[in-house]
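Next up, some structures in structure tokens.
Below, chain A partners chain B and then partners chain C, in two separate complexes.
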Partner chain A sequence: MNVAVPPPKENMGQPVARLEARSKVTGEARYSADFPLNNLAHGVLVTSAIAAGSIKSLDLEAARAVPGVIEIFTQENVKGLKDPKFGQGNSSSVQPFNGPKIWHDEQMLALVVANTHEAAEDAAYRLRASYDETKPSATFDSPGSQTLDAVGNTESHKEDPKLGDVEAALATAPVKIDVKYSTPTQHHNPIELFSTTASWQDDKLTIYEPSQFVYGYKNGVAEQLGVDPANVRVVSPLIGGAFGSKGPMTPRTAVVAYAARALNRPIRCVVSRMQGFTTATYRAETRHHIRMGATPDGRIVAYSHEGWEVTSRPDNYVVGGTETTSLVYAYGAVGTRVQIVKADRNTPGYMRSPPETPYMYALESAMDEMAAALKMDPVEFRRVNDTQKEPIKGRPYTSRSLMTCYDQAAEAFGWKKRNPAVGSMRDGDWLIGMGCSTAIYPTNIGPAAVRVRLSPKGEVRIETAAHEIGTGIRTVAGQMAAEPLGLDMKMVTVETGDTDFPPAPVAGGSNSTASVCSAVLVASNRIRDRLFRAAVTSNDGPLAGRNPGDLGMKGGMIVAADGASVKLADLFGQMGSGVIEEYVEHTPEGMPPESMAKLYSGQSSFKRGSQGDKIRFAFGAEFVEVRIHSRTREIRIPRIVGAFAGGRIMNPRTARSQLMGGMIWGIGAGLLEATEIDPRAARYVNRDLAEYMVAVNADVNQLEVILVPEEDHEVNEAGVKGVGELGNVGTPAAIQAAVFHATGKRIRDLPIRLDDLLNV
Partner chain B sequence: MRPFVYERATSPEDAVRAARGKVTANLPPVQAPGQFIAGGTNMTDYMKLDVMRPEILVDVNGIDRNRYGRIEEFDGGIRFGHLVRMAEAEEHPAVKAKYPVIAQSLQLAASQQIRNMATLGGNVLQRTRCDYFREATWACNKREPGSGCSAMDGINRRHALLGTSDQCIASYPGDFAQALIALDALVETQGPKGNRKIRFADLHVEPGNTPNVETVLEPGELITFITVPSGAWTRRSMYLKIRDRQSYEFAVTSTAVALDLDGDTVRDVRIALGGVATRPWRSREAEDALKGKPLTPETASAAADAAFAGAKPRKYNAFKIPLGKETVIRALLETKNMEA
Partner chain C sequence: MAVNNGEPGSAERQSGFTRRGFISAGATTATLPLIAGRALAGTPAQRAEAPDGDGKMNVTLRVNGQDQRLGLDSRTSLLDALRDHIGVTGTKKGCDHGQCGACTVLMDGKRVLSCMTLAVMAQGQDITTIEGLARPDGELHPMQQAFIDNDAFQCGYCTPGQILSAIGCVNEGHAGSDAEIREYMSGNLCRCAAYPNIVAAVQQAKTEMKEA
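On to the complex of A and B.
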């Protein structure tokens, strides 16, 4: 045990290493674009140089002349693809190959297929497009952009939460703030590039593609191609980072499958880093206007939050984070409104904690500003407004350990040593600032199916289409079987990411551990029950006639409290069984029964954390120290501490990794990350990893993750709350607060850069 | 990437001949059909972006490393072969001890992996990171003379304010070159017309009306050596690089400073500026403002003002005037405090 392998505290599983750890570090692990295929052809995309208008003509002559080019697919020769349906399964409602219209920057124009990747790329450069161009609207405030209420115009944001008369409460509040924030466009940039490999055997299609929802892709691609989904298999065993970008299927997948069928040859299309910025989704820029009123003793009597989010022309995507922010504190009155702003952009999509990241940044920054206005300690201000019941409908949280998180993190951080006076802390030429923030993420859960098989030797094999995006889902699913079956993890194999396995929900919304582990637990308990029943009903076994409730499993044996036992192999012999297998379909309580059937047809649904009579959220508190050079103003983060409570922690090692990764991402989101848009052309300009900056190792110094024990039997069968998206929620607001503490400057637009801090 | 002929030269003569092979018109070296490749960290990047389209790529790594891959101290200075890797130079004991500004300018550049590959010859000729130059579908006078400059009224936070023209405001991105120009380095070349020596300060040119002309080199002219004379100021020298993140980023602003002090009084000083100019930038104005004066925060500040007197900001890079000044002041004061 060490920092990276934390010893389990109360209600935590063992910190076992990831099952695929060794294969990943040795390079043995196979990602989707690594599968060898015979007679493979290579596809390269050509994308548009304008953001709005239509294709006038495509000149293919020079491209066709490149030796090795087999075919060039464009809107001229791709016929009969159905437009995708926008929603969770598809990133957009536009299949660009279905017409000449250009909806956004770098939209797909053509797929060049050649014998080698190099030839395809060479030809792609030689393809010339001419356009009928119209003036694009890039973002907020751009002429021609269109603003709509999210309520009534979007699928997911059905109401703007509200409580009482917020305007009246604001009017009479003794202490008030009125502030505006913004967050920039961000791109996921997973290190594994986007790719599609399609291969047909007669009428059977196999797709290898990194995917956070293989059943969604299977059904979506079948729909677009007009084939039976039963003939489509999607394989995605390991995913090299996704963060939401590989959740909804993008239009490329069907095009590559179409081309492979047309040429009767497998095709692999790997999308370049640059093209990844426009052929997949992104986190749209947001704006926020917050007004808050409080009493002098710090009770929040009014919270008004208006949010604006950019979306595309064809699709009304929204994250609508007020659904969460309106539940966080014991507000007296609440008023919210979310609006979407339609511009000539690609359709945005999920990105790690989609609603919470921007909306909690705004709320938590406002909390710090209000604490300053009240001259209260920011932690105490949160304590005054802490609640075990959400304010709108008064529903209780199944558990909420926010203040325990604050107390443990504050202690580890040394918050007591902070001098609250702005600009008062200094080390030589460096100004020091300290700030904190709440992190929150809903515990979502969806229907999931698994197959668990036990052999007489005690080998367990779990199959589920769940998605190993690097979070450790295979490992925790394995632990969920190994624990009740009393077996060593060495005996466990877990296979994921294949539509030949039972379906699992989209790997999003931090639901996977809860959804999949709940199903694994049910399956493992059923296997145990079958074994126990067999053991007690056997005629002459050592456990014959006992009460099944008194038995346990350990080391490949069924054991009783007094030490009597029977070996698995013997029991299997008695039962006349070769293996015992359970296929479990687990639909969380309170979800419509048809949600399981829908999962098979590619529709993933959740019971969201905010739904039901009791609400379910994981919480955390983050503390950040910043150092800012007194002359040149570069901002560095020497220390960051986060404490998080997420119900049962299946594996402290993988949980810590998730939370740490989130906090590191939060450092980047606070100080570095932004996709720059040229407003004249509605085009992104910094489309590579040198110019699109994320935190590097040197930016991460002391980082501490505290796992706060929490027991919650109501949240779901497995007792777990997802922690995958919790870690990056609070970091940018804590940084914002710390920068203010160091300099007295409120920088409300992310990322916070030295540009804004000069001449203080 | 487009197809090209790959040749591996074993001597400078060989390289020059191969690269000159196809010259038909009078093109600036960056647009000539024959191009050298050394570490390849810059050349392959731009080939993949379809910005560089060489027909003949001449690999210079086969040239005798015993001669061209060495660092040699001599009486009066130090000489670097063009094939010396950045990582080799930054770790060289004499460079670290006697020319700290050189070691630091290299050590703070790029990443360790890139520095292990990249050569000093290739380094000084690295091309701008202007995003509109890198993406071949934008109008760019440097890439396609006469097509316009997309950066002028575009996203230009990283662009230059010194040495700009109304044709191009791309900044010179490198760090090492700032140390070289500060220390009066000399470049030796071998070209179609024979060998010559060029003051490093004369190697790069401002964009003016021809932003596609970046240096005084001719097509097929190979840099063979870079020589840095030693002086009373070389030991008390440093490179200060300001950037958004702690590593792996080009300079937002930077300063190379070398000082010769007589007590508190500046006997001689060298100041170069990175991240803010279209070419490696020596600020004689700042130097003149300091010479013969005591080095104090006030005189340093006056020098910084002089350095940026001629700066022409655009929409997103105006902050680099106060930042650049603070960088100069901080570097001067920190250099003064060095043990020398």
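On to the complex of A and C.
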């Protein structure tokens, strides 16, 4: 055992290694762009050099002259693609190949197809475009941008949560803060590039593409092409990182499929790192205005949160994080308002903890500011306002272990040794600061279908179109079958990411473990029950006449408490069965019955954590130490500790890794990551991995993840809360608080960089 | 360069300078070696030398102990040669710009970014990819086993590059401490952020590599 493989505590499964681990360290693991295809042609995208206006003309002559070029697809020769429907699994409502309008920077203009990648790239360089350019609006405050209330103008933010009269409560509150925060544009930047490979056999289309929702892509591409979804298969067995970027389908997929059909030849289009910044989605920049009022003993009597988010001209995307923040503490009064700001940008999309990352950053930063105003310990301030019921409608949490997380993380971090006085801690040239923050993420669950098959040898095969994006979904699904069937994990195979398998929800909202494992559990229990029934009703077997409830399964045997047993192979023989298979469609309680049928047609829906008579959330607490060099202002994070409670932990190894990765994402969000926008041209200027800084190995030092045991039988059948997005929620606010503790300076606009601290 | 809007694949304005033109004109500048792999090979002078339309050259690459004879466009990167022409797809493309490390291979035992290496330049050297690490009987290289033991990956996409880079790091003598490993493994990005587990894996494997 090592630190990466924590022994299970109460209500945790075994920390088994990932089922696909060996394939991932030997290069055998096949990602979407790795499938060999005969006669493959290579596609390279050409994108626009302006952000707003229209294409006047495209000069293809020089590009066509490049030896090896087969065809160049543009709006001139791509005909009949239907526009995608935004909000139904598509990233945007615009199919750029359907017209000359330029909606955003680096919009797709052309797909160059050639015999080799080199020829396609060469030709793409040589394509010339001329434009009718209009002055673009880049972001907040840009002339021409348009501000709208999210309520009434977006699908997902239907109301601004409120409680009582927040203005009156603020007016009379003895202690008040009034603060503004902002978070920057961020890009997911999974290391696997976006790509589409399309191959037709007569009227059957196969798409190989990294996807967090293969059924969505299947139906979406069929709709754009006007073909029967039954003729489309999407294959995405392993995804090389996603973080939301591969959830909604982008317009490229249908274009590549169209071109492959037109040329009667398979085409692979791997999108360059630079083009990935504008042809897929991103986390939009946000602004926040928080006013908070409290009593001198630390009770929050008023919480007002206004948020602004950038979106595109054609699509009203919103994350609306007040849905979560308004539930976190026992506020006396709440007032919120979310507005969207439309600019000439590509449409944003979800990125790891989409609402919580920006909105909880603002709330938790304000919590630290209020604690300072009250001269209270930040942990104790949270304790005073902790609650087991959300304040708006008084609905209870199915479980909430926030303060247990704080206590365990504080103990491990050594919070007691912190001198609370600002600027009081120092080690030589290094100023030391310590801060903390709450993490919260809703437990979402959706309908999911699985096929589980047991062989007489005790081999289990699970098929589901869930998505292995690195979370370990295959492994935990396998564990969920191996446990009731009493089988070693060596006997388990799990296949995912293929529309030939039963559908699973989009791998977003941290729902996959709950959704898929619930279905696997039902299927496995049914198989077990069939075996038990057969064993007790057989005429002469060793378990004949027993009570099925007294039986168990272990090591390929059905066993009774007194040791009597029958081998699976013998029982299968008695049953006359070659395999036993269960196909289970699991729709979570309280969801509309049609949600399963909708899943097959590419519409993924959740029972959200904030819905229902009881609400379902996972919690955590994060503590960070920052060190700021007194001369250079270099900011380092020598230590970070997070404690998280997520219901049943299926696998402490994969859960810890996800939470760890999230915490490091938080370090990136706090100190490094920002997509910079030229405000005049509305163009991103740092569209690569050298200029868009993500955390590297040297940015992480001591890191500790504490898995806090939590049992919750009400949250869902599997008893699990998702942890994939919980880890990065709290880190940036904890860093902000620690920087203040070290320096006395509040840097409210992320990321916090050394130039923000020059005047400290 | 200030008026050049033409990043790779982005449609240039008709009036703008092109990067290719700039490089052809200024081929003696000190910046050239950094970008030569991408840009210089496509200059008109070189294409004129190519005998046929697609500019194919005979190239022999020694990959995982086997000679591979290929007919390649002279501009083909080692990465694309491995993936698209030899079919060893364990080597991954993450940026094609030498910024992420996913394409790391070993050339004569040293770690090299295969996206920044032209295939023709890799002739005559022993190239080791992730597929060439395990023994024929299936026993994993200690670094591969250490990555499994320490859960040093999640999505697994950067992993081949991480493992080859880690072997290079140990062989260079840059795995003396956690801090040194972090520094010398920072050219390999892991967006899942398995970094602490990668450091632990390198620590585990370096001892076994010394014993081997």
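Note that in this section the second predicted complex is superposed on the first by the 759 of 760 C-alpha atoms of A that agree within 3 Å, B and C clash if a C-alpha of one lies under 4 Å from a C-alpha of the other, contacts with A are read in each partner's own complex, and residues count from 1 in each chain.
Going forward, a residue touches a chain if its C-beta (ideal position, glycine included) is under 8 Å from a C-beta of that chain, and two chains touch if they have at least 3 such contacts.
All values derive from a computational prediction rather than experimental measurement.
Undergrad: Using the superposition on chain A described above, determine whether A:Ala49 touches chain B (first), chain C (second), both, or neither.
TA: A:Ala49 contacts both chain B and chain C.
Undergrad: Check whether chain B or chain C contacts more residues of chain A in the superposed model.
TA: C
Undergrad: So, does A:Thr496 touch the first partner chain B, the second partner chain C, both, or neither?
TA: A:Thr496 contacts neither chain B nor chain C.
Undergrad: Touch test for A:Glu118: chain B only (first), chain C only (second), both, or neither?
TA: both
Undergrad: Between chain B (first) and chain C (second), which, if any, makes contact with A:Val696: first, second, both or neither?
TA: A:Val696 sits against chain B and chain C alike.
Undergrad: Name the contact category of A:Thr632: first (chain B only), second (chain C only), both, or neither.
TA: A:Thr632 contacts chain B only, not chain C.
Undergrad: Give one of first, second, both or neither to describe whether A:Leu109 is in contact with chain B, with chain C, with both, or with none.
TA: Touch status of A:Leu109: second partner only.
Undergrad: Who does A:Ser437 touch here: chain B (first), chain C (second), both, or neither?
TA: A:Ser437 sits against neither chain B nor chain C.
Undergrad: Once chain A of both complexes is superposed, is A:Asn385 in touch with chain B (first), chain C (second), both, or neither?
TA: A:Asn385: touches no partner chain.
Undergrad: Look at A:Asn686 in the shared chain and tell me whether it touches chain B only, chain C only, both, or neither; answer first, second, both or neither.
TA: The first partner, chain B, only.
Undergrad: Between chain B and chain C, which residues of chain A are contacted by each of them?
TA: Shared contact residues on chain A (touching chain B in one complex, chain C in the other): 49, 118, 121-122, 125, 274, 687-688, 690, 695-699.
Undergrad: Could you pull out which chain A residues touch chain B in their complex?
TA: Counting only chain A, the residues touching chain B are 49, 118, 121-122, 125, 274, 429, 629, 631-634, 636, 671-672, 676-678, 680, 685-688, 690-691, 693, 695-699, 753-755, 758-759.
Undergrad: Along chain B, where are the residues that touch chain A in the complex?
TA: Of all residues in chain B, those touching chain A are 1-3, 50, 129, 131-132, 134-135, 137, 150, 153-155, 157, 242-250, 252-253, 319, 322-323, 326-327, 329-330.
Undergrad: Considering only the defined contacts, which chain A positions touch chain C in the complex?
TA: Per the touch definition, chain A meets chain C at residues 2-5, 17-18, 20-31, 33-34, 36, 40, 44-49, 58-59, 67-68, 106, 109-110, 115-119, 121-122, 124-125, 127-131, 188-193, 238-243, 270, 272-275, 469-472, 653-654, 656-658, 660-662, 664-665, 687-690, 694-701, 703.
Undergrad: Which of the residues in chain C end up touching chain A in this complex?
TA: The touching residues are 5-14, 18, 20, 42, 53-55, 73, 75-76, 80, 83-84, 87-97, 99-100, 102, 129-131, 133-134, 140, 144-145, 147-160, 163, 181-183, 185-200, 204.
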